[in-house]
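Order of writing sets the labels: A, B, C and D. Residues in every chain begin at 1.
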Amino acid sequence: MSSKKVISLVLIVMLMGMLALTGCSGNKGEAPNADTAVGEVKVGVLLPLSGPVAPIGVTSQRGYELAVEEINAAGGIKALGGAKIKLITADSRGDAKIGMSEAERLIQSDKVTVMTGAYQSAVTYPSTQVAEKYKIPYIVPSAVKDEITQRGFKYTFRTCPPMGWYTKAQVDFAVEMGKKTGKPAKRVALVYENTDWGQSAATAWKVDVPKAGMEIVLDAPYPATSSDLTPVILKIKQANPDFILFTSYTSDAILLTNGIAQMKINSYGMAGGGGGHADPEYMKNTGKNSEYHYDLCEWSTDVGKPGVKETNDKFKAKYGVDMNGESANCYASMYVLADALERAGANDPEKIREALSKTNLSTTNAMIMPNTSVQFDETGQNINASLIMIQVRDGQRVTVWPESAKNPDFEAVWPVPKFEDRK
Amino acid sequence: MGTMTEATINGLFMGSLYGLIAVGLSLVFGVMKVVNFAHGSLLTICMYAVYYLVMKANWNSYLTPILVVPLLFIFGYVVQSKIINPVLKREFELGGGHAVILLTVGMMLVMENLCLLFFGAYYKVAQVPISSLTLNIGNIVISVPRMIAGIVSVILIFLLYAFLNKTDMGKAIRATGQDREAVRLMGINDFKIYNISFGICFIMLTLAAALMIPMYYVHPSAGKIFELRSFVIVVLGGLGSLNGAFLGGIIIGLIESVTAQFLSATTAEFLIFLVFILVLLLKPNGLLGKK
Amino acid sequence: MNEKNIIAKLRYPSYYIPALAILILIFFPFLTNNEYIVQVGIMVLLFAVMGSGWNIIAGFGGQLSLGHAAFVGIGAYVSTLLFVYLDLTPWIGMLVGAVVSAIFGVIVGYPCFKLKGAYYALATIAYGELVRIFIQNTNQIGPIDLKGAQGILLPIKGHSWFWFQFDTKAPYYYIALVMMFLAILLCYKIKNSKFGYYLAAIGDNQDAAASLGVDSSRMKVYAAAISSFVMGIAGTFYAQFLLYIGPQSLLVDTFSTEIALVGIIGGAEVMGPIIGAFLLTPISEATRILLGGRFIGVHLVVYGAILMAVITYAPSGILPYLKKVYYKFLALLGDPQYQDYRTIKAPAKGLGGGIK
Amino acid sequence: MLQVNKINASYGEVKVLHDVSLAVKKGEVVGLVGANGAGKSTTLKVLSGMLKAASGEIKSEGVSLTELTAPQIVALGIAHVPEGRRLFPMMSVEENLEMGSFLPGPKKARQETIEMVYSVFPILKERHKQMAGTLSGGEQQMLAIGRGLMSKPKLLMIDEVSLGLAPVLVEKIYSMIEQIKKQDISILLVEQNVYLCLNFVDRAYVLENGQVVLDGTGKELLANEHLKKAYLGL
């Protein structure tokens, strides 16, 4: 009877699954973490590789991969006898509980000595706690939630700036542009997706914006998985702001940008804060509509630092797209790790932690980021992390702010040309 | 007041598009009394089909149905006859149970994630010239693809309505929904009617996909967003009622578009589910549903 | 039965195999030095508890719920808020959370139970979503900081039974194991009581049950209360175990679906969800570990395919089939009571399709 | 026209028909009478393919119907007006009739057949736009019979002709069936009203507990002592 066959098939699949599970952990009887003479350093990478945020997860993974490839090709970790870095990637599915359980698995089963990830703050926040519990250093290259480094954790190191710096920089930029051009933005619209990330941005904006003497004329959270964002776009139109601040993932950023261009909603400027606005897919799918958009981010292909162009070329040759903030963040963080490993001289979490906390790095490819050095304070925050404002010009992301990192060939356009006046 | 008018117009256009998407769900329920939890992932498949034809073969999105409709009709026909009907048959024989609903839940998981596997997690947007076309009346801006989608949706729903009321096949579909055993006594194969109905559901979804591609992104879970809306819409209008699906679509479109002007979009989402549960509790047969 | 009797009976496979299984369960944390494996074991037990809770209303009572994560969420949030803001031990918080969850179950259950079949399933999705959207977008209720989308991270209090927090996984494992045994006992008691009989009658055919004088709404409300009470308990455990609760992981529809799948695939009997959890959770973990990073989404394809196969070929869940295999196995081992295993009939009843 | 040889049928575990045999000849009106639950409707269901026979054989003009499905049997010219009429309540009278002639053969002659049905049941013509669900009981029965006729059957099987109808209406419907008979259509009637039926039909079978206990012409059966006692209250 065929039904019996299918049942037995299902059972066999299940049994295989269980065996596989035990198999995954089977060979872990050997020496655990503290082993100096190993041929490889296992790095647990936790990223959202499925679910709605998966595109950014993939981009981040590429950053890690490229850096590791380079480091290994250049002879690995010399202090460890040329040990290679080995990435062990786990999918968080963008879900905190799975992220935590995967962190647990990376540490327990795969015996990673250091962890990194997890892009989303909502996953990074709890998964760093797991690492802390097991005393495994955790490098956070792109999650921005302020609280991540405010819990007194000893094993969490964040190379990127926290959210508070983003929102402050966005507001500072608008104020500076207003002073420079005599067209100060007074009416600000806040448009953000309603998960953790957007909500923490909004909380910070609501402090920073009034402080800078500007008025919030619109506070518009929206569900990241909306089928139609026109209502939000119409609200922006109704509010008639001078300056629009976004916190968006890729899909919603695309819908918003295209919709605003269609509705011809004019303002002095619109600024995203990384995430979707920095995703290469965003540029591809908005075309001319994203022209003159600002985006506050960690990195751009034209950052005036040595190695930037070469790295980006390599990346583009390998993956067909430019690097973006996320991939650059992850890329640079691997160099920070490599530096720490060299100084630790041991593949031991405790020693790596110590080395990381004493990081003072201003060479190597970690410096493709706009900051000039990496140093962690006692909370694990990179105190030198810095941000840049880019503007989309002729379909390219061009660094226009701050002065120190700006692309000499371009000046920020403020206020941006009206949609009606564009060709 | 301009934005209010715009919001209303947008609500109407989106509403009729929602109606078009929901109409297949309602038809399938009306004919075989099955709530298809895979409806959204079917839409996703249709969207990918249209997208690839637009991007890879350079077709005009609005022309893609010529090729995609027959293909997906056949696909729907086969899925129904090979996968759903056997379970449905057993459920008719034994009575009770939620087998078919659960089967569609399984289909949803499989299809959504196969899309993820094959097409990747990336958002795919087909920027075609018409995408950014707008119509300006005074200070009111109307997006052309949205307008086309809204108006064509109404026409398509009307055509489906006419098909069901004027042709023999359409009448047979309606009759099957009313009494599947009596229909067999008329010489009509009820399971074949199910296959055709599921195929028609696919036709409607493909047409909706062709209308959506110029203004919306494709993503493995793109359909899911519309699926929840579709549930709300068909329950609101009355499961199994086409006019109801259209009316429900308009109502949801307006709630989403207009209330978001007073409250936040997040609150509008909350409101939609609140309306959903209230309708379920107070008027489970929907506004136009039949007893 | 006296001691001698039990020992005498342990000669038979039908006694020593379950005894062996229970022994393995009890000593499981000592069989592996890998805490992750224990963690998977805990998740299996937790899903078994949640599946059993779901089974009371869905399996026994025939009401397909796809929104049960809401009850887990409420239990988790209540006990966590009491823990974080009032320093109340989670042991008491657990009971409070479970009671609140049960009350909520009755409040939403009572009106929803008018609905039949698919309508009921849709209503459960709707209230599940409402709870998620509400918590996700509410940062503050009066003085209580709900933290909206951020979710709440539970403060670490160190290794302490009083605070329900442990340095190792083993205590969590044993708590979950006890919870599972209690859940089995509860389900068993319900199944074999008059109440369980009424529920089964309602599940088979509500109208027929009503004509026999069964007050179906009242029975369903009782079932909903017990079911959501169990979910609330599981929710507290979940919060204490993961030390983080948030709307996007705890209240999403996929979590509801996962809970339901455990029961559906296992079968609508007392042991159904237990078997379901023991098979599904490891599969979910294994596919993710083996393939997750490379082939995204493949685990869910497997999941969906299993569900489709079970619905198509084994509508009563796999438990009845597993039982047959097990009986055959016992017969092969020479158990005299099971030599005629072929005549032991598997009951053909379950959510997938039962006899009217 | 129709030969039924020793069919057995059951609902689940309950066996309903035991070795039922009967025959309908061309142009004949045959009755099937018996008490409630005797298996009359079940017999018709088996004949039209709504229910599978557990064993036995059904033949029509040399073709075996035993393995055929309901739609295939209709196509062979055997129409079944089922118990409870089973109209499509949300469709108009005319649409119901149209559904009766869904198959390609009858469809060609649809207009003609509709005219014929309207001539037999003029009230249906008056009500042709009305929803079937809103018709009165008698009208519904007429529509059900009319819908059966639409497939241009050689054999029309009518279940519970007079159930729930006022005596005046019953008489009217029987006079209409008389008209149908004239069009060379064989008829198999199931009827609880034994007296009425036996007076009308050419031959009849008496079913008791799923078995044929008596058969003969209408007149013969009316004179049967057992029948008189059991069904006619005489």
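The rule we apply is simple: a contact is a pair of C-beta atoms (placed from the backbone, for glycine too) under 8 Å apart; a residue touches a chain by one contact, two chains touch by 3 or more.
Just so it is clear, the structure is predicted and the values come from calculations on it, not from any experiment.
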item: Minimal step count in the chain contact network, subunit C to subunit D; value: 2
item: Pair joined by the larger number of C-beta contacts - A-B, B-C; value: B-C
item: Chain whose mean Cα position lies farthest from subunit C; value: D
item: Chain nearest the overall Cα centroid; value: B
item: Distance between the centres, which are taken as Cα means, of subunit C and subunit A, whole angstrom; value: 36
item: Whole-Å gap separating subunit B and subunit C, where each centre is the average of the chain's CA atoms; value: 33
item: Subunit A and subunit D, separation of their C-alpha mean positions in angstrom; value: 75
item: Touching two or more other chains - residue numbers and ranges from subunit C; value: 133, 137, 296-297, 300, 306, 312
item: Residue numbers of subunit A (touch at least two other chains); value: 49-50, 54, 194, 221, 223
item: For subunit D, residues that touch 2 or more chains besides their own; value: none
item: Set of all touching chain pairs, with the criterion as stated earlier; value: A-B, A-C, B-C, B-D
item: Parts of subunit B lying in touch with subunit C, wherever the complex brings them together; value: 29, 33-35, 83, 86-87, 90-91, 94-99, 101-103, 105-114, 116-117, 121, 220, 228, 231-232, 235, 239, 266-267, 269-270, 273-274, 276-277, 280-281, 284
item: Residue numbers on subunit C that touch subunit A, as the complex places them; value: 32-37, 39-40, 43, 133, 136-137, 139, 148-151, 153, 156, 167, 238, 242-244, 246, 248-250, 252, 279, 282-283, 285-290, 292-293, 296-297, 300, 302, 306, 309-310, 312-314, 318, 321-322, 325
item: Of all residues in subunit A, those that touch subunit C in their complex; value: 2-3, 6-7, 9-11, 13-14, 17-18, 20-22, 24-25, 28-29, 49-50, 54, 89-91, 94-98, 100-102, 104-105, 107-109, 122, 125-126, 129, 133, 145, 194-196, 198-200, 221, 223
item: Residue ranges of subunit B in contact with subunit A within the complex; value: 3, 6-7, 10, 14, 18, 113, 116, 120-125, 127, 131-132, 134, 141, 143, 146, 215-217, 219, 221, 224-226, 229, 256-258, 260-261, 264-266, 268-269
item: Subunit B - residues contacting subunit D, complex; value: 168, 171-172, 174-175, 178-179, 181-189, 290
